[in-house]
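We just call them A, B, C, D, E and F in the order they show up, numbering each chain from 1.
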Amino acid sequence: MENLFSLAADNLVSPIILSFVLGVAASLARSDLSIPEAAAKALSIYLLFAIGFKGGVSVAAHGIDARLGLALLAGIILSAALPLVAFALLRLMTAMSRLDAAAVAAHYGSISIVTFVAATSVLESRGIAAEGYMVAVAAAMEAPAILSALWLVARGGGGDSKGMDGALMREIMLNGSIVLLVGAFLIGWATGEEGLAEISSFIVSPFKGVLCLFLLDMGLVAGRGLRQGGGILTPSVLAFGVLMPLIGAAAGLATALALGLTPGGVTLMMVLSASASYIAVPAAMRVALPEANPSLYLTLSLGVTFPFNLTLGIPLYVAVAQALTGG
Amino acid sequence: MQTHKAKRVEITIEAVMQSRLTDALKKAGVTGYTVLPVLGGSGRSGEWSRAGQVSRASGMVQVICIIRPERLDGLLEGAFAVVERHIGVVSVTDCDVLRAERF
Amino acid sequence: MQTHKAKRVEITIEAVMQSRLTDALKKAGVTGYTVLPVLGGSGRSGEWSRAGQVSRASGMVQVICIIRPERLDGLLEGAFAVVERHIGVVSVTDCDVLRAERF
Amino acid sequence: MQTHKAKRVEITIEAVMQSRLTDALKKAGVTGYTVLPVLGGSGRSGEWSRAGQVSRASGMVQVICIIRPERLDGLLEGAFAVVERHIGVVSVTDCDVLRAERF
Amino acid sequence: MENLFSLAADNLVSPIILSFVLGVAASLARSDLSIPEAAAKALSIYLLFAIGFKGGVSVAAHGIDARLGLALLAGIILSAALPLVAFALLRLMTAMSRLDAAAVAAHYGSISIVTFVAATSVLESRGIAAEGYMVAVAAAMEAPAILSALWLVARGGGGDSKGMDGALMREIMLNGSIVLLVGAFLIGWATGEEGLAEISSFIVSPFKGVLCLFLLDMGLVAGRGLRQGGGILTPSVLAFGVLMPLIGAAAGLATALALGLTPGGVTLMMVLSASASYIAVPAAMRVALPEANPSLYLTLSLGVTFPFNLTLGIPLYVAVAQALTGG
Amino acid sequence: MENLFSLAADNLVSPIILSFVLGVAASLARSDLSIPEAAAKALSIYLLFAIGFKGGVSVAAHGIDARLGLALLAGIILSAALPLVAFALLRLMTAMSRLDAAAVAAHYGSISIVTFVAATSVLESRGIAAEGYMVAVAAAMEAPAILSALWLVARGGGGDSKGMDGALMREIMLNGSIVLLVGAFLIGWATGEEGLAEISSFIVSPFKGVLCLFLLDMGLVAGRGLRQGGGILTPSVLAFGVLMPLIGAAAGLATALALGLTPGGVTLMMVLSASASYIAVPAAMRVALPEANPSLYLTLSLGVTFPFNLTLGIPLYVAVAQALTGG
């Protein structure tokens, strides 16, 4: 536990976390500091490309085994199942409508790639190795949660939902971040260490610095959301935003232990299960469940669960993963 | 110069719905449209701004469509079917255009 | 389709004045507006372009506001108080809107 | 508030032609205009989008020009000479403006 | 020839090429992956600045000789002459109108700076030196082709063409990419190795990585063009898009050998002659020949000739240049 | 003096200066070269973050002393006092109206962070150390000048001025560049050398290269301003634009010597006092003094004083600071 606290404290004074804090503070203080939309998108493209590529290179180096397939499958199942838990919890704990609860639940089944990236960089600085293919697991976990949520809505009287049509399905499966992540993963895999050597001074060395600026931007956006939508954060909603990642992490932990992943892999599976989407799922919800309240899911995901995972969650997951794997 | 009566329809709609809207417009016989970026705005669903956004979830666009008056009803019906359950605004203005053969 | 008469007010104003303008609009009872980016322009105060600009000093935005006709005067007075000493343009057009209950 | 009749001319034109158009407008006695960015669109020459474009070849802009009614013909002639052989759309709307001395 | 195939194969699995492929694939699959316009322009500014600067530094290091002037002159002549060949070929092989053929021809006389950049990076990784002033030759070759094409149109009945006016001439000669390339070249030349040392961790180390993202963007744009304008690619048009670069490369080869350039220089002269513009010339054509069909020239240049040069052309040109110079 | 000339000459052929010159030249020649607004903003965010962070790290390394407080106070006084000097000088030397003179004066009391950054990079390449907290002094000097200018206007018949209201005050104190600079400074201070090690390949190594591109952009914008607003540069206005930075530098010099700063610190205090704002103050003037002519203050600040400081001023200030501190 001492380990845990020192890890958390270390984590908290890293430039990455403090950049996020700066963004939130600037937003709450109503500074006009902002990162242009195009620059924010460019940063996210960089991060997805880099993390995907490095994952692929690591797979090229260590080869793949049967576990890759199992991990992918496990990820898909987690992504599809966690929204059911989240939905039940929301209906139990809060006064949310079925529709809103389903929309929020979709976010918690899916994943946040920046949380994953932040965890990767903590693992790296601690020298803890992880399976490179966890990037592919991350990609696989993006979409299934959406289907579960739409099923929840349809079951409760489809009148509210446009349901899923072919166009939406294609949009979800081929949304930019999945395609870039998987594409970069495949490129990294194909070109291996040699490919990495060519571009490592672009995708490895400046990585953490870019992550700082990206987290600054996320802080700014999260702060704006809290300022405008903070009213929806009743105590029970807030409690959900902290409890659900812990439940997700526990599910991820059990799965990862069953699969026999490395300590790093266990951590990442916990992080993926604990994190909530804020890119792909919100866009899908606007199309499929336009009547659900976006403040609810965006504020919860970006304003509560993301900072929780970033500051306390990740060090906790690392500590637990290490303790339970003896890593 | 010789001008012709036309209708200018302006639809402010969520970016995620853009392709669905333009598909519907094409089905309604619209031959052209122009899409403008939107920086931010405010309405019943609150205030928003594009600054720093990575997700397409919280952006809007403005689709402008100039058509012959007789086509207006078809267009509005097509557009309405898409916009109906979504946030956004549809407005129609009378205008005069050059080169009417284009519309 | 069923449409309703409304007014479309378009205010081109310096970016630094945007929040002051939208605050004034809200005070005047406006329930919604949309902000478009402006690339550049020209007027009595010369030509300008947004390209390469870092400061907010030399950019403009276009605030579009669709309202019921009876609200026009209140809006224009509120807007004018903000725009008065600043560069920029205010124009009003008649339009028809769908879903009038929104305005 | 006191408003004055004016014309709002909106010209959607290729970005490469922007400076030629605004030069022509100035020659036609136009004292001001505003340029809006365009994200994409569709017309007889197909669909296009600005996303990822490096070349100026495939972008458009929207030039908006508010003028006194009596100047409209001069403006349209000037604009038409530039737009004539190019893709793009010219529309004219009636509007009311504050501060008419500016136009 | 074995050398050629292994070079081509090596080339094909590089992160650079695969990034382009990813972009094309994402576009064809109708993913919403896209790079914001501002970010794409920023990447291209970076590449032009870096390649110009490095060219200038190399000239500062090795000095200049009479060949620089001759190479520039040769480049201008190639750029002016190749459109005549392209035009004749197009009228012979395809059913294109005079106007369209002239517009397409202008693109093939001019150059694609990204193709040049990609070739430079292949040369570098093979350790093949090239004249630094080839960057200046590249700049010199941008514009003459446009004049030739307009002359072709005027000759065939000027009614179709607005012809060249002063404003257009200035726009072409001072278009942003020429000015930046030449400007950075002069800065590199003036500040030399010392200047390079100051900024090399910006313009040298991350260069290839940035190129990957830029090619991803080009792939996305090319794929979109192929999806929308692919219909114009009749077999004969397609054949032109592959044949013309080979003809250009042959002309570049003969010229470069006559000038006595190094193997690297020969390669680059071939690449410049073989490549087709997709930035400066399309913009000039929209102004001067607005009735010419942009799908035609953009699809051919970006969707056919660029990928051909990138994947097969460059390794071929390197192999031929090495074989014929004994390099 | 020899030292001074060689320093100035060295300075003039650096990639940084030449990039600015390229931008001005391209603009004056009416090239369409331009950096997208979003990219320019991203570059400035990078520079502010990096310079703030490095300042904070340096404070973490060397500790703080009573001088920090005194330097901040001195900066605030300089910022508040210099506009009075500038105003008097303008009314004496030029035909400017009270309103325009006050608006211009505000710019000269405040600071230009890019000039500061450029000076820092000259100091670094000369191996001259400076107090890390000068970054905080820079931030402290941004705003007071605005209050002085508004006071000048109010005194002369407030009818012209909207005066200062709470909203404007908050906007000025919390404008994006101040918040980012101070925030990054605090993050650097909190995370220290360890934090720097994590992100130095992002904020240190590529710094000068990024600065080149940013100065290219500033050159483009300055050139455009000179082309459009150059008419306002009467000889007396021009003379002010060169004289005022020298007066400011002298005031900064006296203050810094009194405080006993290091040679680097003295230089930076001179640079801050000599430089004129072109981000925060113009925006504040548009709100508070909308009738003042923006061409006047923008052309003077960005088109005259900035290039003067960049090319001749900085080497002069370095030489004087070294001579007078024996550094």
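Everything that follows uses one rule, which is that a residue touches a chain if its C-beta (ideal position, glycine included) is under 8 Å from a C-beta of that chain, and two chains touch if they have at least 3 such contacts.
As the structure is a computational prediction, the values presented were derived from the model and not from experiment.
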item: Shared interface partners, meaning chains that touch chain C and chain E; value: D, F
item: Distance-maximising chain from chain C - centres being C-alpha averages; value: E
item: Cα superposition of chain C on its sequence copy chain D - rotation in ° rounded to nearest 5; value: 120
item: Chain separated most widely from chain D, comparing mean CA positions; value: A
item: Same or different residue numbers at the chain E/chain F copy interface, by half rule; value: different
item: Gap in Å, rounded to a whole number, between the CA centres of chain C and chain B; value: 18
item: Distance between the centres, which are taken as Cα means, of chain C and chain A, whole angstrom; value: 38
item: Distance between chain centroids, defined by C-alpha means - chain A, chain B (Å); value: 34
item: Multi-chain contact residues (two or more partners), chain A; value: 32, 34-39, 41-42, 201, 205-206
item: Interface hub residues of chain C, defined as touching at least two other chains; value: 36-37, 56, 93-94
item: All chain pairs that touch each other; value: A-B, A-E, A-F, B-C, B-D, C-D, C-F, D-E, E-F
item: Touch list for chain D against partner chain C, complex; value: 1, 3, 6, 8, 22, 26, 31-37, 61, 66, 93-99, 102
item: Sites on chain C touched by chain D in the complex; value: 12, 36-44, 60, 62, 73, 76-77, 80, 83, 89-94
item: Chain D residues touching chain E - in the complex, by the definition given at the top; value: 14, 16-17, 19-20, 45-47, 49-59, 85-87
item: Partner chain F, residues of chain A touching it in the complex; value: 13-15, 18-19, 22, 25-26, 29-39, 42, 125, 201, 205-210, 212-213, 216
item: Touching residues on chain E, where the partner in the complex is chain F; value: 36-39, 41-42, 45-46, 49, 53, 170-171, 174-177, 179-180, 183-184, 186-188, 190-191, 195, 198-199, 201-203, 205-206
